[in-house]
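Some structures are shown below for you to check.
Each of the next two complexes has chain A plus one more chain, namely chain B in the first and chain C in the second.
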Partner chain A sequence: MIDAPLDEKRKQQMIDALSRVVGKKSILYRYEDVMAYECDGYTIHKGLPAAVVFPSNTEEVAAIVSYLHQQQIPFIPRGAGTGLSGGATALNGEVIISLVRMNKLLHVDYDNRRAVVQPGYINLKLSNSIASKGYYYAPDPSSQATCTIGGNVGENAGGAHCLKYGVTTNHVLGLEVVLPNGQIRRFGGTLDTPGYDVLGLLTGSEGTLAIVTEITVRILKKPQEVSTVLALFDKVTDASQAASDIIACGIIPAALEMMDAMAIHGVESGNYPVGYPKDLAAVLIIEVDGIAAGLQEQIEEIMQVCKNHHVREVRKAKDAAERARWWANRKTAFGAMGTISPDYLVQDGVIPRSKLPEVLERIGQISKQYGLRIANVFHAGDGNLHPLILFDSRVEGETERAVEAGSAVLKACADAGGSITGEHGVGVEKMEDMRFIFNDIEIEAQMQLRDVFNPNSLCNPHKMFPKPARCVEMKRLSREVPAVNI
Partner chain B sequence: MVKTSNLSSFLWEDAPDENKFSECVHCGMCLEACPTYQETGLEHHSPRGRVYLIKSAAEGKLQLNNYFKEPIDSCLACRACETACPSGVQVGALIEETRGQLYHATPAKGAGRVVQKLFLRDIFPSPKRMQLLGKMTRLYQKSGLQRSARKLKLLRVLPAHLQEMEAALPKLKTSPLLGRGGELYSAYGEKRATVAMITGCVMDVVYSDVNEATLNVLRRNGCDVWIPKAQKCCGALHLHAGDREQAKQLAKHNIDVFLSNEVDAIIINAAGCGSTLKEYDELLKNDVRYAERSHLFAEKTKDVSEFLVDLGLIAPKGKLDMKVTYHDACHLAHAQGIRQAPREILEMIPGLVVEAMPDSDRCCGSAGIYNITQPEMASQLLDRKMNDIPSGCDAVAMGNPGCMMQFQVGVVKHHRSEQIVHTIQLLNDAYEREDSDGGMPT
Partner chain C sequence: MQYIRGALDLEAELMELRQAIGAEKVSTIDQRPWREDSYTLHAPIRVTPTHEDDIVRLMLWASKHRLTITPQGGGTKDAMGEPHTPDVLLSMQHISGIVDYSPRDLTITVKAGTSIEQLQACLAEHGQYIPLDMPHAASSTIGGVFSANISGPRRAMYGSARDYLMAARVIYPDGRLLRVGAKVVKNVAGYDMNKLFIGAMGTLGVLTELTIRTRPISISSGMVLATASIDQLKQLQKLLIDSQLEPSICEWLYGSFEQPIGITSQQPTVAIGFDDVSSAVQYQLEEAQRLCRACGIAEQRTSSDKTQVQTLYTVLGQLLPNAQQLEGRSLIVEMKLLSSIMDVSKVFEAVQSLAAAREIALQFAGGLYTGVSRVIFEASWEQQTEWIELISDVQRYMDSIQGYGIVECAPLSIRQKAAVWGQSGQNDELMKDIKRTIDPHHLLNAGRFIGGM
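Let's look at the complex of A and B:
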């Protein structure tokens, strides 16, 4: 693999060759034109790609990859670039293969509740285009209005409503991929294919195993009724205890979300304020859905639990418009941080629900220790915590401090028996943090698995696994990994 | 300590404001709201990408050359991104400031320069010359010159998009309102407010009938209307083109003129002008002498639809048996946040059936002079817009002359039959129908 920027001559040859595949209008390589591709939603690490190519079908992807494989030039698949761990960033001048122009809904099979999409198709567009028939696509990352389903597969994206319905991997029924050597393969497609769960392996592989070129997803019938409760608390511990108790009493909410005071300050300064009282410590948004009968009882039970925990105010959304306002506020939480801080680093820890109060306290200490504000947004239902570390990259040394604080937060999550990522992936950001949960042998085992698909790590290199600090990766570099036919 | 970059490529006055671009956290929530990103999928032709380029230039990582200019030029300034952005990044203002820098760094050359100078510096700032242009156009249409030119196929020398525009140019029926009669018009019936009216330049030359309708509607709703003859172009087109200096001159002139009398509101019926007028305080923020007055001016400026709804519209009784759909002009919906008022007005017209247009707030591609400078993108957006008009509509209503011209081009190009109207025209028609059904207004 060529692991250094290409020299001018080879770069020109490559551009000529790729232009022959996609046409001159579908490739960028000028400095000014690729500048905007320097990073994705994670802005701490940056790098300019040698070129950005825009294939419009699977065959073009295969032809591009075949050429790059033959030349041993590394490449990276990219969707909308909303990823939060740098997965789509070209750290070493790789070629970016952008899937945004493969953005069609190919087929909807209502009888079998399936839809087939191209990888650049936008998540929310799927739900919108099947809504009139009473269907929707369940995984709903907050970025759903702009992120691609290909990127969702890449990161195994989750969302507020994944508590009850499961994350992306629970909704992928089939994949067509282009392997890093340019071959086209299909996996799954029918329910319960025998053999290994290759779909499960590919989903969440962050573009390090193959490029997804077509996805068959499950679609669901919209629930008969939806009801949403908003609960305002004066103490974070009360809110987290209430969240725990709601689940403990046997209710499975469609969503159970929490924001702390700093997060509330952010969303209220943003474009979609709800009008929360200024002195609030935490807010819970609890949503239940299903058949209309019985929903009201669940709502009453939830309100009772909140009251047991000294809730200041708890009420049900009076109509769809109010419910939409609460969600718009919550779903724009990350972006809204821009109004209270020039930069943020969002963490993605997972912890056992019951450990929430103590982990939040630890995060409070980390915030003081590093002198940086931290806002907490939390998928409380499944223990997925998003501390947003607020910093200003223009201030000398603050970026480094934010990164260290982020790492400390993840350590706290791992120590509490949790994990370092729930849905945003490892990317470049958390490579080293992988050591918090895996030892060398476990990491090496995963790298061997990667080699089966991606022998020379041509596809999205230098991501997901810690740098070769030890002999393991050194050894790997010295031996050529044979290409395997899958 | 904050390192302010002294390497910035922005060397002229009014450089893009660091506070504005540092608010962007690169989240990408704006991507799919952007018409040019939807069409191309190119990050540098998206709001996030454009802001990133502006930031990079401020850090000295990019020079202000033609490659940098291209994505800045291709921005429609439609501000759909501002509606989508959770962080409230003012992309529109950043783009305008950047264009101001590019105006100095990459001056237009050749024919482009002549056109720019002629229109932006000589014609638009002068109401007299605008009116002359209108007169010439009317002459061109009436004298048979238009017919002969079309017959002799002389127009083929023009690029395709200009031919389309020529074909769609509405018949200029009446002469401009400004300077036609006196300056003062009194309310019909009980007086409820005193307002000043801005006639707009394109509006008054191409659509003076819309201005007549606006004047009439205001009077019917109890307004004394003052149309100062000394008013000039609002400067919106200059701002879009980066000519901030001329825009500021015009702004100061208009502030002096309109604040010389006490009025309750300053009324505009062109969304593009409206959003510029409401942002005079932003334009003049570095001018201490105008700080307070530009703010007052901005506060008093109201789009005619929002003003009427706030005042309490007198319901028309005349019936209009037609089906219409409504298009949200970008500078009304995204820049001024006015979506409900025009719809409320339409709902109040008896007999009128209003059918929703899907994605009604996606830009039609008109965007000031965008359809002249970026014909390819403008025409793609227009085609999409035309396909979105629900079938069976008699008319499409909107609140901006630029959009009206663009729709007119679309109607001709796609061989369609819808009438293109300003919302206020329908309201005025309903009032007039009421009069013909029962007596004149008192």
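Let's look at the complex of A and C:
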């Protein structure tokens, strides 16, 4: 593999070859053009790709990949670039294969509750396109208005409503992919297709095993009724206890979200303020859906749990408009932080729900220790935290401190028996943090699997795994392979 | 058929193993002939470890001597997969017990050999359960259920094994012990390795511990059983799929069932079950009845008695045969048929006519919300030659509708001749590469899985 930027001559040859596949207008390579692709939603690491190429169908993807494979030039698949862990960032001048022009809804099969989309098709567009027939697509990452379903598959994206309905992997029924050697393959189609669950392995592989070119997803009938409750708390511990108790008493809400005081301060300064009282410590948004006749019973129980935990105020959304306002406020939380801090770094640790109070307390200590404000906005029902570390990159050393604080938060999640990422992926950002939850043997086992699909690591190299892990393997190999005298 | 190697040929190796893990955990049976009508697995050496470390040592020993191992839970799936002749049967039954249960987190960690009965009993104390239909609860083990990817009628609402496994401990054939996944409900750190071991029939590693999501047992349940013609059922399925009802089961049933569950006639019956709070169950039962009437289905029985509904779930969940209980009976073959949801009716018609032509009796349960159907054929042993034809005809039909037909249970004589996993596919090579990477010497369940893996 060529692991350094291409020289000018080879770069020109490559551009000519790829232009013959996609046409001159579907490839960018000038500095000013590729600048826009220097990072994704994770902006701390940046790097310029050698080129960005825009295929419009599977055959073009296969032709591009075949050429790059033959030339041993590394490449990266990219959707809308909304990823939050740097998975689509070119670290060594790789070629970015952008799938945004493969953006069609190919087929909707209502009778079989499934839809076939191209990877560049936008998540929310699917739900909008099938809404008139009463259907929707369940995984709803906060970026759903711009992120692509191909990207969602790459990251195994979640969202606020995956507490009840599951994440992307629970909704992917079939995939067409281009393997890193250019071969086109299909997986899935029916449930339980014979053989290993490659479909499940590919979902969430962050573009390191294959490039997804077509996705068959499950679509669901919209629930008969949705009911949303807002609960305002004076203490964070009360809110987190209530969140934990709601699940423990046997209710599985469609969504159970929480924001703490700093997050509330952020969202209230943003574009969709709800009008939360200024002195609030925490807010819970609890949504239940399903058969209308059964919802009132659940709502009453949820309200009772909140009351048991000294809620200041708890009320049901009076109509769809009010519910939409609450959600707009919540779903734009990350962006809203821009109004109270020049920069922010979002983390994505997961903990067992019952550990919420203690881990939130630990995050408070980390905030003090690093001298940085941390806003917590997260999927409380899943135990999926999103601490937003607020910093100012213009202040020397503050970016590094934010990254360190982020790592400390992930360590706290791992120590509580959790994971370092629930839906944002490892990417570039959390490669080293993988060590918090996996040992060398476990990391190596995953890299061996990568090698089955992507033997030279041409497809999205240097992502997901901490660097020295391979050294262990190399050392072992060198012990096994007899030394050659030169 | 004889064992390739008998225990007598392996005395020196066995001595080493006995020293490594304790003589009481190793037993041998020499030169037991294989019977063609057998549904159960045999091997000259049987190892019953009591600790994970024993399995690591066993693996290192087997790797060194290139001996093949087949892990076994309760043995209920012994008759699944290509015929194979392992040197060692690794019984997981003493790797058993609850490791950690956190009812508030809706998660439980158990050792792989824990019986389903023990597991569900432990969960029930906290009003929870695992909503996978796991038959033969007294002998089936949780490791076996996930390795064989067992599912039943409740899949319509609750999904299958892949939706429940959060983390596991796995021992690779070279003795490496790995933790995969994370013990939290949401996790995308690294590859989703959990998925690899579900339904892999123990060909990649030995699962020793599993962390699984649990669910609260619903407050109320109810069901509608409606007897109907095929055309009526097709119409009903369309109406149901397009409705906002949330059935926990929706199965198309045909054949005679051992326990009385209200299905008496030889006509197909649709069973629609609901789990929810009682007001929602009641509403849905009425809606389901209304939809039945709209399709001209007059004969309906409704029950909101929780015990009765549970009985139905159990009976339908028990459809999958238990390999340990089939010997000495008539010839039984069970196939898992995978299709799109709307093709379930076609699948039923096809298998019914293929079986009728050969005067073979059948029992059928088709998931109207999942496209996963099970057919159980039963006939006398004299009809054996027709069986192979029947299986390949069913598989050919499934192939023609872009589906699959897998033989999940059949006696050795049938599995020796039939294509148990169906036709080989475009992805077999890739799967073999996965197998080679993890098990280069083909020590685990050698030859049992798809493509002779």
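In the analysis below, the second predicted complex is superposed on the first by the 470 of 486 C-alpha atoms of A that agree within 3 Å, B and C clash if a C-alpha of one lies under 4 Å from a C-alpha of the other, contacts with A are read in each partner's own complex, and residues count from 1 in each chain.
FYI, a contact is a pair of C-beta atoms (placed from the backbone, for glycine too) under 8 Å apart; a residue touches a chain by one contact, two chains touch by 3 or more.
Predicted, not measured: the structure shown is a model, and the values here were computed from it.
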item: Overlay on chain A: chain C relative to chain B, clash or fit; value: fit
item: Chain B versus chain C as contact partner of A:E155, first or second or both or neither; value: second
item: Chain B versus chain C as contact partner of A:I122, first or second or both or neither; value: first
item: Comparing the two partners chain B and chain C, which touches a greater set of residues in chain A; value: C
item: Which of chain B and chain C A:I73 touches, first, second, both or neither; value: neither
item: Where the C-alpha centre of chain A sits as vertex, the angle toward chain B and chain C in the overlay (nearest 10 degrees); value: 140
item: Chain C versus chain B - closest C-alpha approach in the superposed model, Å; value: 20
item: Chain A partner contacts - residues on chain C that touch it in the complex; value: 102-107, 127, 149, 151, 159-160, 162-163, 172, 176-180, 182-196, 198-200, 204, 215-217, 219, 238, 241-246, 276-277, 279-284, 336, 338-342, 370-372, 402-404, 406, 421-422, 425-428, 430-431, 433-434, 437-438, 449-451
item: Contacting residues of chain A [partner chain B, same complex]; value: 28, 30-33, 35-41, 43, 52, 54, 80-82, 98, 100-101, 103, 120, 122, 143, 145-147, 270-272, 332-339, 342-344, 392, 394-396
item: Residue numbers on chain B that touch chain A, as the complex places them; value: 1-4, 22-33, 41-44, 46, 48-49, 52-53, 56, 61-62, 65, 67-68, 83-89
item: Chain A - residues contacting chain C, complex; value: 109-113, 134, 155-156, 158, 162, 166-167, 169-170, 185-187, 189-201, 203-205, 209, 221-224, 244, 247-248, 250-252, 290-294, 297-298, 350-354, 379, 382-384, 417-426, 430, 434, 437-438, 441-443, 445-446, 448-453, 464-465
